[in-house]
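Data first, discussion second: the structure below is written as structure tokens.
For reference, chains read A, B, C, D and E in written order, and residue numbers begin at 1 within each chain.
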Amino acid sequence: MSTFIDLYNYWIFIFLMMIGFYIVIAQGNLVKKIIGLNIFQTAVFLLYISMGKVKGGTAPIIVAGDASYSNPLPHVLILTAIVVGVATTALAMALIIRIRKAYGTIEEQDIHEQDASL
Amino acid sequence: MWDTLISYCSYALLLTGSFLSLTFAIGLLRFPDFYTRMHAAGVSDTLCAGLIVLGLVLQAGISLVTLKLLFILLFLWFTSPTASFALARAAHRAGYGVNEQQEASSSNS
Amino acid sequence: MVAIAVAVMRDLFAIVMLFGIYSLLTAGIFVSLDAVDVAFTEAAVGAGISTILILSTLALTSREEKKSTHSRFLPLLVVLVTGATLVYGTLDMPAFSDPQAPVHQHVAPRYLDQAQQETGVPNIVTAVLASYRSYDTMGEVTVIFTAGIAVMLLLSAFRHREDEAGNLNDLSHHPVLKYVARLMIPFILLFALYVQFHGDYGPGGGFQAGVIFAAGFILYGLVVGIDKTRSMFSDSVLRWLMASGLLLYIGVGVVTLLLGGEFLNYNVLAADQVKGQHWGIFLVELGVGITVTATMIAMFLAFSEVRRPE
Amino acid sequence: MILAVTAIALLVAMALTLARALLGPSIFDRILAVNTFGTKIVLFLGVYGFLTQRPDFLDIALVYALINFISTLAVLRFFESGQLVMPKDKE
Amino acid sequence: MISSHLPVLQVILPLIAAPLCVLLRRSSLLWLLSFSASLGAMVIAWLLLQQAGSSGVISYILGGWAAPWGIEYRIDTLNAYVLLIVTAISSVVLLAAKKSIEQEVPQQHWPMFYASYLLCLTGLLGITATADAFNVFVFLEISSLSSYALISLGRDRRALTASYQYLVMGTIGATFILIGIGLLYMLTGTLNMNDLAQRLPAVAQTKTMLSAFAFLFVGISLKLALFPLHLWLPNAYTYAPSIVSAFLAGTATKVAVYVLLRFIFTVFGADYAFSVLPLAEILMLLGVAAILFASLSAIYQDNIKRLFAYSSVAQLGYITLGISFLSVSGLSATLLHLFNHALMKAALFMALACLLYRQGGVKFSHVKGLGRQMPWTFMAIVIGGLSLVGVPLTVGFISKWYLILAAIEQGHFVLVAIILFGSLLALVYVWRIVEQGFFSASDDHTDVKEAPLSLLLPTWLLVLANIWFGIDTSLTVGVAEHTAHWLLELPAPVMPGATP
């Protein structure tokens, strides 16, 4: 039981990650895939941020007096990762618009059918 | 003396704010049609926000924090009615009548 | 919870709305885990930029999702295996928020103990971001820059023509919105500047400021007119801004090289270490801000100006 | 203490709003719920800042308010384009 | 002074050129700028290889912060060698880019094209040079995002879906890598690879480390296009502009192989990596499967670009097979094949660029009987193809030789047979092209001219390199053996050409 309490945050992360990952690989809609990808990535961000938390700590901005702070390094890494994530999303969206222009659909299956019939 | 008075005022404001926000949230969930729900949400947005932020302002005293709080209030007071207005208008245009339990136009499974 | 709903629902539009909430919630969790800077960014990016971009895409494609006839078994299996591997991995993890965990023992204490003396910046996240690991941040700016030019590359050929201006979709016919928004934009830009230059002391920094700055102009585009925003930022201006932000960042690195330090070693920028660090961090954050602002505006415009399908 | 009560009340309100967002039924209900949810989370963050005695984090609440407004507008723009009125895609 | 800053200049040079490309208007200057940046990077890579060979590991701390706190670049012979491969291929490909791009990409896109190309190069170099695990992720994303953009520039609309597919799979791979790095960080509190290597043995028994390893392995394999995860590669290579195919085929997967080697040998240590998971068996099995399935698929393609793309998957099978032996000759074979495969695939895709330039397509129907009209192009394809098969006097022979040697050393005679069978399959698909080119009647291609010199020259440069390094093996074999010893922590022989 204590294991569960100690690790619950990580398990939330795993749960979210599985949902996101499932959306990515099981869904046929291109936009929804990307949303799934975002959920997947956000779950990983949660993993990093969780490991940076220190009990009784506060945000790592130094204030006067004695205080314990959470670990700043995961925050830095995730800042970078969020930016990478949004860059990927933007690129994917642009691609989807182009795909829609070229195929008239954003369903993976329809696209396969059109390509196969060529 | 003065300090206690201020903090009591602040507590009162915060409590009223939170009570109202709860009430309105229940309203948002329970009211029968879109426009009544909108009423619940719109009023809670402005009134509760006002009460809670003012409560916080009284706690903060005069500082940069107060300024930020006032900005937040300003923001909420500007945006929420505007958004509600635009939303109601759009809903009206889309043909939603009052008291009419409309078919969900969006077919969500 | 929300995530499940996203997986189940088929109305893409509703999904996007929920995704916005999901981002806000995640950001809330980040705040409660003390990651204020991250929450700041996640809120601005996940709930703001991503939502806007996905919405613009939906407006150009279609809203309803078809019933998928994919086999559900294989994906489920893959996901379960992945999840199981992770659960297996967690069994030996140090307990959540344990201050004795190795994460908090090796590298991090030095940042917390000395960063303020070494860089003069009380926000440790900013110090690590812009000084200790500034090279990563340069990579991050490059990623944004890459995405910016990629989006331009993909969408520029589909720009609407001048005579089709009516095709553009904005809210300029709402008088109330227009008035309120105009009133607010100066405050937003002011706030962006505050976030940009206050990042040393509070949550914030170049990236967040860039997003807010761009948000101000996106607001302008939404309520006053896309074409009005475009007339302020032509493609070449945006390109110039994007490139110059990145070049400013690299330039700081090159200057430190020329002054005899390592790449991005700000200590050589001034006689005094803290002063040098201060200048370095200020300049690179500025570079980040410029590139991010320009890229976000460029993306927004590119997405808004695509001709809609007939 | 009072702050904690306020925070909890706001959290409950958020949960209720979320339920509305999930239930729908119409798209306008969802937008409304999302907007209200945003407002609630802004207030919650403000209260949380005081609760943890770091009120300088109000910046985040401010950003949330801003983003909330902009995304509501983006949504409005989206359905002014007529897609919401006719949910069936033209093709 | 400059020589001490070489490691960072290596990456910064193309990075500076990229935004400048976006600003430039004149297209001739664009090409000149990109080419000189790439060439400069190649010279630096060469100097670094010399330095690393003579003085061992070069460490460069970025931002002036010492290693576990700041980010460090560590150049040893392994990554100097990969840097050289990447920059050399990039330079030669750029040499031909000008002409080919004129035809395949609309002029308004040129600045963005060159910028993306340089950014992709920057990303690949950054991944290779860094000794910081998270930095790997950042630069991986730079190179990936720019390659998605480059691929989507292809003229066929399927380029878009190929790029999207690559984007989704690539992002999943990158996120897996991110999870793996996160778990490692959680266990040790550091991100520096060397530091990780020192601290990981203390936690080697934990389940967390095992799952970190699993995630990194799967993530990298996605990028590497290891057999069952290769689905993005054929589409991406087929529909990308031919210059981009040549560049990516020569470099991207090679860098992924490097990352795999780096994590297995430097971070986790070969002992750990090969004992906790049946890694040798997995790599061997997947390698063999890749060789057989991908070669067989290649035979049934009627698009030559796609054919070579499948052949790339098969060749990656040989490369992983080399790792699985965990011996000096096996690893040497892997490293040699990194270089050699880059040479031959770049040469072949460049030759296809020539064909595409004249014919507008590379299906078999496009090339019927073209052997007489475009003799030089077809000679290039034939020699490159022979190299794929592994005929003596070409580079392909050298790497296969070492691979077979490694297999015999360990008594895996079945593998020897499979390698030979793989070569036979390669012979079949190369023969199909030759047959179409020389022995098919052509009726409508009589007026087709040979490809322009500016395309042929770089192609033949690569073809001649194929032959040159097939005969004079002192450089490649020297470096590869040196590095293989070093990876396995055996006393290394002195590198040729290095002054002690």
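Everything that follows uses one rule, which is that contacts are C-beta pairs under 8 Å (C-beta built on N, C-alpha and C of every residue); 3 or more make two chains touch, one makes a residue touch a chain.
It should be emphasised that the depicted structure is a prediction, and the values quoted were computed from it without experimental measurement.
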Every chain in contact with both chain C and chain D is listed here as A, B
Contact steps required, at the very least, to link chain D with chain E come to 2
With centres defined as the mean of Cα atoms, the chain at greatest distance from chain D is chain E
Check: interface with higher C-beta contact count, B-C vs B-D, is B-D
Maximum distance between Cα centroids and chain B occurs for chain E
Chain centres from averaged Cα atoms put chain C and chain E apart, in whole Å, by 31
Distance in whole angstrom between the CA centres of chain A and chain C is 14
Between chain B and chain E, the Cα-mean centres are separated in Å by 57
Per the C-alpha means, the centres of chain A and chain D lie apart by a whole-Å value of 20
Check: chain B positions touching at least 2 other chains come out as 71, 75, 78-79, 82, 86, 106-108
Listed in rising order, chain C residues that touch 2 or more other chains are 11, 13-14, 36, 56, 58, 62, 64, 86, 90-91, 93, 101, 103-104, 107-108, 111, 133, 136, 139-140, 143, 146-147, 150, 154, 171, 177, 191, 202-203, 309
Going by residue number, chain A touches two or more other chains at 17, 21, 34, 51, 58-59, 61, 63, 73-74, 77, 80, 84, 87-88, 91, 95-96, 98, 104
Here the pairs of chains that touch are A-C, A-D, A-E, B-C, B-D, C-D, C-E
In the complex, the residues of chain A that touch chain E are 17, 21, 24, 30, 33-34, 37, 40-41, 44, 47-48, 51, 73-74, 77, 80-81, 84, 87-88, 91-92, 95-96, 98-99, 102-103, 111, 115
So, in the complex, the side of chain D touching chain A is made of residues 52, 54, 56-57, 91
Within their complex, chain A touches chain C through residues 3, 6-11, 14-23, 25-29, 31-32, 34-36, 38-39, 42, 45-46, 49-63, 68-80, 82-91, 93-98, 100-101, 104-107, 109-110
Counting only contacts in the complex, chain D reaches chain B at residues 2-3, 5-6, 8-10, 12-14, 16-17, 19-20, 24-29, 31-33, 35-36, 39-40, 42-43, 46-47, 50, 55-56, 58-59, 61-62, 65-66, 68-69, 72-73, 76, 79-80, 84-85, 87
Given the complex, residues on chain D that touch chain C span 18, 21-22, 24, 27, 30-31, 34, 37-38, 41, 44-45, 48, 56-57, 59-60, 62-64, 66-71, 73-78, 80-81, 83-84, 87-91
